[in-house]
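Below you'll find a set of structures to go through.
Shared between the two complexes below is chain A, which has chain B as its partner in the first and chain C in the second.
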Partner chain A sequence: MSILKKSIIASAALALPLAVSANSKLEKMMKDPSQWVQQSGDYAGHRYTTLDQINKSNVGSLKVAWTFSTGVLRGHEGGPLVIGDTMYVHTAIPNIVYALDLNDDQRIIWKYNPVKGGKYPGGETMDRVISVMCCDNVNRGVNYHPNGTIVLHAADTSVIALDAKTGKEKWITTNLHAGTGKYGVSASTGSGQPFIIKDTVGVGCSGAEFGVRCNWTSYDINSGKRLWRAYSMGPDKDMLVDPNKTTSMLKPIGKDSSLKTWPGDAWKIGGGSIWGFYGYDSKLNTLYYGTGNPSTWNPVVRPGDNKWSMTINARNPDNGMAKWLYQMTPYDEWDYDGVNEMILVDMKVKGKNRQALVHFDRNGFAYTMDRASGELLVAEKYDPAVNWATHVDMKTGRPQVQDRYSTAHQGEDVNTTNICPAALGSKDQQPAAYDRLSGLFMVPTNHVCMDYEPFKVDYVAGNAYVGATLSMYPAPGGTHLGNMIAWDADKGKIVWSNPEPFSVWSGAMATAGGITFYGTLEGYAKAVESKTGKELFKFKTPSGIIGNFMSYKHKGKQYVGILSGVGGWAGIGLAAGLTDPTAGLGAVGAYSALHNHTALGGVLTVFSLP
Partner chain B sequence: MFKRLIFIFISYMISIDSAESNDFPTVARSEFVFACMSSNESNRDFMAKCSCAIDEIAKRINYEEYAQAEAIARLQLGASPREEAFKSVGLSKERMDKLLRAQAASELECF
Partner chain C sequence: MTKKTILTSLIASVFVAGKSIAMPTPDAVEPQFDENDDPTYYVTYGEGDRLDPSTEKPLNLIQIYCKEQAVDFASDEDMDECRANDDLVEMKYGWMDFSTYKGWRAYHAECHVCHGPDAMGSTYAPSLMMSVKNGLDYMDFYTIIANGKGVAEGAQEGNVMPAFGENTNVEPHINDIYRYVKARADGKIRRGVRLPKLPKFKE
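This part shows the complex of A and B:
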């Protein structure tokens, strides 16, 4: 209740013409639960709303208030924003942005499409960009700056600042071309959210499957001018690290910390992409993000720790300098990208008050760190199936890898079997939520294992540089592929776990009403009691859910929104006959005739109490 | 001859699929009819055939299994690692097989 009161005061203060910095203005807006102003809800990545109108006693009667079809097929990750009376909804490629008027039956105020004449602003054709997107056509959403800007990080890596009122372009800069060779990268793409800090917007990049060297780049929000760029690997000056001041496991990292861990100049195509959900602590003035896998997937060709791939980065957002780094999976052999969300929570860890950072890594370990110092506090498996490492050595911070699951130890052209988790990780980008009421983390997870066979590939700029064959299946002892779990980040223990037939690939949201929302690949939007995991509500949306839940309040009513949409409308496939579309039900030219209906791909469903 | 063999095979499949709870929500049936008419012909005749087809499917597979099969079918359209994971798993094959059997049965009954 006190939180709610505070936020009312905060939103009232917004109306006063105070000369506040962009940072504090945005942070005030984050505390107003009637809006949802950043992808994660707030800088701490809690994905928690203080609204409690919808709560555990009435969520069972939740109804669909309205829906909005995005008109775009394929995967819809991320979620909408609500700023004042306007909602901003983004789509998968071509990355359309809609502004909807919540006061006028969600009328479209403006629609922006960055692809004009088949081309993105950076000059690449949409088809070429799609061909180098590793993992579906997803985009993880737009963000808002209080100078009235909506920022889109488009798939061709263009960073596009739009006037929030009109949808007009303020400026566009193409971060890294998706084309070949330019800027020394080959085929990087954009799928991660643009991240607003003070008067800057920062973006990562995707494409470790294409031999890129990824980085975080910060731009001036008013002009689009580039401020700094920190590479994930390479010479110290490229990475913006200070050999004496930047630490890892509380010790200075020393000179050439990255170069020493790659054979020759393999770091030049070293991967280390950044595309998850990030955190920012304005008191510590520190930005937190994770870097992804080293390329190629074939570990045999890149002996060494491959620093600083698979690393949690803590950086000064003003100049990019790294404060501390922690590499979770040195010498990755399984594609366990370290990009997942950073959740910042002030909590007791082993009896001591800590400014903690909690991170659920793809590698199956949940890390609790001191976010000020970079000290490793807890590292435990959040899926009991995890077997590639026995544990994390708390002195060195290194996972203790089991030889029989080491794809490098087994060697090239050898199929290493029964590795858990699969390359998807025990969790992928789907962000967890922090329930401030119970102090538990609500974590959507995968429960999938794999066989992994690395093979030799030669790098050709702009082409896939994967070098491994995978097959995946449910973890032993069951047939389900996912779990929704509650996690105690102090004890490093699962509190409850709900099995799901498929991976839980949607972002969770916890609420002051004592409930947590998450979605499933079959398309169910679910609400469970945060404390126990007991299912209280279930609704089938038109497609699979891989988007993230959000909440807002409009005219006194609480709403909960979720994007659904994964690859096409299955109803079509089923009804037209899957085995042979021309034979099923005597269909003739079935798929071409269905063009009009397949627009049902991405749908935003918004719920409220009747 | 070949057709006849298929008929026998399908009849056998129908006989081993036990009756399910017939628990499809109307919206799921409507969606099927809508898609089925779109892939065939949008007229009264096909509305009847397609309605018959979904009713026959719903007799042979429960809605939870249908929703899972639908999710698998949807994922099979894509090619990302997320989707790859669901192509090879046993559950996928089992669900899809059951759905395809129900679908084959519905074709025999209604078309």
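This part shows the complex of A and C:
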């Protein structure tokens, strides 16, 4: 509680000194393992706790300490925060936030529901917002600012600052339009976390399946005033790039780098959504995030590289200017959004000390970059099934696409078959963890391939704008849909790999106890030895897990928490199970359906030693 | 159980993996209507299988029956029996007519993001295959797609169906979508979509 009090006093100070103190204060709190103050645990996205009370010798006797039902049934991504003695839990639409008192058996201190009288703050009805959410009603969690604010990025794109103590609204601003043609614009939605840097909060946007032109927008944490907005595509001034100073593959990007790569004004509905997990390096003062797919899914109508969709962005968080950009999948033909988490690690790469950024992309390649310069250091497949490209050319940074898996080369109205990975990627948003002990990355992955048939669709403002059909099935030669793997980001190699019957769709957490936690779609919370992958603990929670693990310490005891609540894209694609359409009866029904294992339900399960 | 249409001529060809494969003439591509004037599916069955030259796997396996039940609806016990005894299994080969194919395509572009692949439902949206199998008729099907549906009775807050009446990627194809879903509900076509369409003929 004292932390909260202090920060309230600090907020009364002048803006400039606060900018420095707030940042360092938050970073200091991140180093305190008894709290979990940001969705990723820290700015570097390690998802690592230095707590070791629960470790590889005793994790087998882990027990459920307490549970909490969120009262909402749809998919629950993200995870809770712990600030001092208070836990903050969010839900899927209607995006309720609970503050729970850890000192008083998780009594609900306050509950906040942004939907009032059926409407979100932006004025749209909840039903309308649901109808323009692609892929379920998920939200990836709230974040905390040390001036005593909990920030929620609601589904209608409203950014809502709440008093952490009382749950009262400090300010609300609606970032974009979730509405329809009445504005003549595409329907944007909010699912990604709000991201706190200094005295700002930044949000991305969702809706690349609705023809949005997405952007990152930064707001002042005290007033809610908009500071800057950087579009994913369009004219240089919209994107906040400097043709001479912003680089890609170490070279200046030049004038009109985006406009040149789209036919006509297709960039205006170009997609490039931002809804994953982000990174921030306070020493380099750089924000890192990835942009999603260009729209539509039919590549034939948008020949060109479609910059800067599918791109890692490194930006100055003070003014938004891009330092460097790297496009992983130029001219996307498979929906391999580049939104996945950015993990910042200082490590040796090929014998040299590097300030590295490690990113496991939907496209099946794991990238190790120099996060200061944007130099590409390693790009290797982290699932051997990946086949759409043979390799990434390290000189140009471009993937070498195989014609037979190119949906543009095969053309409209042709079903391009056996593409690996499927559109949900070798990994979707479920964030990986960095194990500081072994130096390995703990990566939850999908092992699914697809057929993809692009075709022409009309763009109608406010409506879905997809333009391809999709059929998914297990990667060849196996009957499992996921693997939990350990990755060496220097060598670009898998160290161990545990098959899982379903895609592993939960965020991992590594611990100083030598163990890594992850969840499965059937609902198992699992702990494995980080070095070897050996399974040490499992417990079946009330619903499938697509949330992210976190840990905290309260009254001397370590706890591990995870949100259950099956859903998301995984809940759509896998609910009825997948089947290999080429197989005969032998395989029919061999891939069991998710709904035979679990059902809907948002529940937080918290574990501790007995 | 199934009306078998014998194909009489082969005129068109398609290219699969660079090789030409003969395609049968459709006997009919016009929608058919039942006694209630509901448009109904029409699936053309070919004779024997056709192999994809690149994979040597049948290209047009349209349904698998286990003990005379489409595998979608066979019980686990029946499936175990069928896996052990080939005599209980029947394979059907064929093509989707163009309208059913268009319905498949529109479904997997627009509907499947909530209702799941192959009309089989998701964690939160119902299986349309089962809805139609359990009696959802064409008029209700059309009305719900065109007008949407608010919070369903007994359903959880947050389960809504948007209206697609003004969506030009959906509304013109509702008949086709119904034909596809009906064909699934009736066990005429199996999961998975490597079902080549019949070539489009000028009407």
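For the reader, a short list of remarks on this structure follows.
The rule is short, and it goes like this: the second predicted complex is superposed on the first by the 551 of 610 C-alpha atoms of A that agree within 3 Å, B and C clash if a C-alpha of one lies under 4 Å from a C-alpha of the other, contacts with A are read in each partner's own complex, and residues count from 1 in each chain.
Everything that follows uses one rule, which is that a residue touches a chain if its C-beta (ideal position, glycine included) is under 8 Å from a C-beta of that chain, and two chains touch if they have at least 3 such contacts.
Computed from a prediction, not measured in an experiment: that's the story for all the values here.
Of the two partner chains, both chain B and chain C are touched by A:Leu470. By the touch criterion defined above, A:Gly148 lies against neither chain B nor chain C after alignment on the C-alpha atoms of chain A. Once chain A of one complex is fitted onto chain A of the other, the partner contacts of A:Trp505 are limited to chain B, with no touch recorded for chain C. Contacts of A:Lys540 after superposition on the shared chain: chain B is touched, whereas chain C is not.
Of the two partner chains, chain C is the only one that A:Val72 touches; chain B does not reach it.
Contacts of A:Pro384 after superposition: neither chain B nor chain C is touched. In the overlay built on the shared chain, the residue A:Gly123 is in contact with neither chain B nor chain C. By the touch criterion stated above, A:Asp136 is placed in contact with chain B and with chain C alike.
By the touch criterion defined above, A:Glu522 lies against chain B but remains apart from chain C after alignment on the C-alpha atoms of chain A. Common to the chain B and chain C contact sets on chain A are residues 74-75, 134-136, 470-473, 544, 566-567, 571-573, 575-576, 578-579, 581, 584-586, 588, 594. Residue ranges of chain A in contact with chain C, taken from their complex: 72-75, 92-94, 126-128, 130-132, 134-137, 209, 415, 417, 451, 453, 455, 457-458, 460, 463-464, 466-473, 544, 566-567, 571-573, 575-576, 578-582, 584-586, 588-589, 594-595, 599-600.
Residue ranges of chain C in contact with chain A, taken from their complex: 55, 57-58, 61, 64, 66, 71, 76, 79, 82-83, 89, 91, 104-105, 108-110, 112-114, 116-118, 120-125, 127, 148, 150-151, 156-158, 160-162, 166-169, 190-194. Those residues of chain A lying in contact with chain B across their complex are 74-75, 134-136, 335, 422-424, 428, 446, 448, 470-474, 479-481, 501-503, 505, 521-524, 540, 542-544, 546, 566-579, 581, 584-588, 590-591, 593-594, 597. The residues of chain B lying in touch with chain A in their complex are 25, 27-28, 31-32, 34-36, 38-40, 49-50, 53, 67-71, 73-75, 77-78, 80-86, 88-91, 96, 99-100, 103, 107, 111.
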